[in-house]
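Residue numbering begins at 1 within each chain, and the chains themselves are lettered A, B, C and D in the order written.
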Amino acid sequence: MNLNVKFAGMELKNPILTASGTFGYGLEFAPYGDLTALGGIVVKGLSWEPRTGNPMPRVAETPCGMLNAIGLQNIGVHRFVEDKLPLLPWSEVPVIANLYACDAEDFARLAEYLADQEGVAALEVNISCPNVQAGGVLFGQDPRQAALVTAAVKAKAGAKPVIVKLSPNVTDITAIAKAAADAGADALALINTLSGMAVDIRTRKPRLANVIGGLSGPAIKPVGLRCVYQVSRAVDLPIIGLGGISSAEDVLEYIMVGAWAVQIGTANFLRPDMAFRIAAQLPGLLEELGVKSWEEFRGKLSI
Amino acid sequence: MNLNVKFAGMELKNPILTASGTFGYGLEFAPYGDLTALGGIVVKGLSWEPRTGNPMPRVAETPCGMLNAIGLQNIGVHRFVEDKLPLLPWSEVPVIANLYACDAEDFARLAEYLADQEGVAALEVNISCPNVQAGGVLFGQDPRQAALVTAAVKAKAGAKPVIVKLSPNVTDITAIAKAAADAGADALALINTLSGMAVDIRTRKPRLANVIGGLSGPAIKPVGLRCVYQVSRAVDLPIIGLGGISSAEDVLEYIMVGAWAVQIGTANFLRPDMAFRIAAQLPGLLEELGVKSWEEFRGKLSI
Amino acid sequence: MSDFILAEQADTAIPPTSGCIETTVVDLTRTDSAHDLENSLWLLDLQLPASFCEGKGWQPGQFVMIRPVSWSFEPLWARPFSICMAGNGILRIFFQVVGRGTRAMTKLEPGEQVVVWGPLGNAFSVEPDTPTLLLAGGIGLAPFIGYAWSHPQPDLLFLLLGHRPSVSGYPLHLLPESIARETARQKCEEDIACFVRDLESRIAEYARINGLILACGPHPFLRAVQTMAMQYRARAQLSLENRMACGIGACLGCVTNIAGQELPVKVCTQGPIFRAEDVKLEQAVIDRVKA
Amino acid sequence: MSDFILAEQADTAIPPTSGCIETTVVDLTRTDSAHDLENSLWLLDLQLPASFCEGKGWQPGQFVMIRPVSWSFEPLWARPFSICMAGNGILRIFFQVVGRGTRAMTKLEPGEQVVVWGPLGNAFSVEPDTPTLLLAGGIGLAPFIGYAWSHPQPDLLFLLLGHRPSVSGYPLHLLPESIARETARQKCEEDIACFVRDLESRIAEYARINGLILACGPHPFLRAVQTMAMQYRARAQLSLENRMACGIGACLGCVTNIAGQELPVKVCTQGPIFRAEDVKLEQAVIDRVKA
């Protein structure tokens, strides 16, 4: 079948994207597969200024998953646009910039700058920064804050589609999704990591210097599927599903509960050719299942 | 060292309890170990009337975890007290009743009935039922609702300690914890399962007839540790920690982040002698680590 | 006849078991010669825990939960298997590869550690003087090997085995020689229709002579047997293969609805064997449990 | 000397690699004879991917990420290992059991499938005419075997190996015979003090003659080398063993702070080898990474 998916003004040759923070700036994976064989590339979260991130250690393995507290180390949006973007095959594969800021103005400034970059296909807004002004609650944990950021980005994004990335660490993810939708989001991506921690009883220290980090990987797939399922029934926006995907089967599980596209995250660490392998295996699996089009399959979970 | 722990008016010979719903009514495990070697037994959630639970299938395996949507099938509190409790060695090991109801009055009625039962050492309140009157939000997801239930149970529990069991499916678990504490809870137990789902792309059906279920097992340990850590710093009540514990090491991880005792849940399914083995291994591990008392270890994570 | 079953199904006593034991793999042999690992057939011999035959011992139809130590957390649960034979120091099971757990079991090495608990559940009725029809759907043969050996008059038994992989993969040589048997391969629609006719005439016959019918196999097979048994008013017992997380009545994940029971009953402790007229084999469960 | 290293550390180019390959286990041998599995020493030979020596080839000090296919999700990450040797159809690594990943690797069977990516990272400098001191802390010996074979004048090399398990477990016979060497076991406080004195006098000596010092081993060992190298102004390169999730610069989990760099640098792509004067070996990291 034709794997092509169109939504939010984007056209992807297949629904396999990569997840921000797990695929570097894309170039790191060029030796392991053909970047243009992917549906799209979401790069590491970008801030206005370069960021050093959190102290080490900042990754730890957990059962069927991992914790990270990288703290958004990145080279800053300017160096990304100047040094990395020109090397990416952006005319053949959509490159999506993941934005990170700690107030609405900063988000808007990032959006404005990126709106002018031809090589950027869309903006993905990471709203998991704590808003200090709002008492430290994360933007992504409060519908009003989420709406604020979405509107600010949307106002400056010009023609670029705005994807809002949601956190699962909330009482009701559909409330945040609705707020982002009402504020103008073109698509939603979910889920970001679950808040978690790990400790070492011998050193009596946390395994992450930052103490708390984000849980990702196969362990969280049930949570990701549930969130996508709930949001896809509550909000009329295309959804990009992620969380624990590590096979073509997992991709179809997400699409079956309502996702239009998916992102491969932690699984890229299991083997750097993972996203390429999954993209290559997808047609065969669809044929085996007798699926003829995305429309016939997407969201078609029979209850 | 002396493994004894005292809190909330209870005295446990060691901090190893079993988690509700994973240890039947206790008796099922008698062939696999000495029930009196445990710190305590928390039995399957009890409602006023017997409940048939959800349709099948209601369990599914997931990476390093499982989903369940048993739907609180149970024989009802009266048959528990009449048929099961007399067979349990409750004079030698504390038996804790886990209560389940869908409104505050029902909770109060359960508490009142159990307050009179000599064989019941404490009441654990499962507030993960959706409150239909409050628009279907779970009691455990709203601080006011949580306080309401806690106060209702506490008012009728007489001398029995009241343990409130918290859900991790909230934006801020410390807010619920504080509400329960202010409403009179004697201790808190956390975490209950994470909301999740699983699907089968071949049958195109959810793997649970109920569609959504609760995720438990090693996969969720990082979330449980994080919740216990946060709540233990926010609330001045003893905490019973659980979520993914499957070894003596895991027990000490929970105690190091602030728990007074722990519960073994899904791991009981890995082998039915699991809780007994962990209780037996604990002294050796403590000795290896040079721990001399709980006071010197509990909450002593060095940041 | 089924007093024994009904007693267990009353959900009062804890069935006797030898507890949870760490034992070792003695031998693992593949019995079929197909190319594919999927659906392949295996005999697994474990060192029989000394405690296993003490006390009440084990009875055919009972099962064990098996979990290799090497599984750490993946797969998470143990897997249930009928006891094929237990004696002479060996606990033998006969299994088919259907998913990741059974696939992982094909990697077991002699000497490797395996956690086992059992014997679990109730057993097939034994009526020493009654002609008894054993209906095995594929791997459902497993408990009948022990059953045949334990029966006081094996010449009263007749085994009908419906199978998909070649019959050579099924260890029929482990049965007492005196047992009458028939096998029927189901390769195509026609085979299946033919097998169903055969099944029906046998069930009708045993209904007529008030014989005992015991069935073990996949859900669709059990449903067919159930329907016919009801139709001909035969006395049939079905062994259910519901998905099990604990095997000991603790998780309530394996339940089934039984006529006359207010609450769903636990297949692991109150079954796995039920009278055909009592059990509700729901279609929804079948679709999901056997994809 | 360190131009090569500094170029890589500039975080521009993607270091050349042969990509991600599924290969098979040729051989696994335990080299020590201790009783315990913990800390045991092993040589693992994998079939060398044909692409591995093409193009730029590999250089001593580089590493590979290894992940047996049988791991499914547990452990989750691949594990990094120095290339001990690569040639004649064999990719050899030398590893020590320190945790669950390396423990699981001791179960590898010939013929088993393993995913490998590499060669990764930068390499130790080779200065053909400079006396070069190789400082190996235990398993840190691994890269020096390849280094010694690739060096144009092996008689200019001197290897000092500090070790805890018996020396017989270290495959010193794999080194070219012409290489001078000394080994020192660290069993007690006294041994350690003695080894540290030895280390210091060697480092002082190589500083004097403007020799090159290369070190590979656990963090505390590297710290000791670093301190002494700074003190005597020796030219030393350290190979870091930070925890790695991806090995290719994508996760930012392996970073370390380097003098003169605004952002933390990736040990996997910009290292693992750094000049002693540049790298900040933080105590906090050490406590946590090597418990």
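Everything below uses one rule, namely that contacts are C-beta pairs under 8 Å (C-beta built on N, C-alpha and C of every residue); 3 or more make two chains touch, one makes a residue touch a chain.
All figures in this text were calculated on a predicted structure; none of them were measured in a lab.
Each of A-D and B-D has its own count of C-beta contacts, and the greater count is at A-D.
Chain centres here are means of the Cα atoms, and by that rule the chain farthest away from subunit A is C. Our note on geometry: subunit A versus subunit D, Cα centroid distance of 35 Å, whole angstroms.
Per-chain CA centroids place subunit C at a distance of 54 Å from subunit D.
Here the spacing of subunit A and subunit B, counted between their Cα centres, is 34 Å.
With centres set at the average Cα position, the gap from subunit B to subunit D is 47 Å. Within subunit D, contacts with two or more other chains are made by residues 73-74. Residue positions 62-65, 202, 205, 217-219 of subunit B are each in touch with at least two other chains. Interface residues of subunit D facing subunit B in the complex, by the touch rule stated above, are 73-74. If you check the complex, the residues on subunit A that touch subunit B are 62-65, 67, 137, 141-142, 169-172, 194-199, 201-202, 204-206, 211-212, 215, 217-223, 225-226, 229, 244, 249, 252-253, 256-257, 289, 300-303. Subunit A makes touch with subunit C in their complex at residues 63-64.
Subunit D meets subunit A in the complex at residues 12, 14, 16-17, 19-20, 67, 73-78, 115, 117, 242-243, 245-256, 262-264, 269, 282, 284-285, 287-289, 291. The residues of subunit B lying in touch with subunit C in their complex are 21-24, 27-32, 44, 50-53, 55-59, 61-66, 68, 70, 73, 75, 83, 200, 202-203, 205, 207, 209, 217-219, 246, 266, 268-273.
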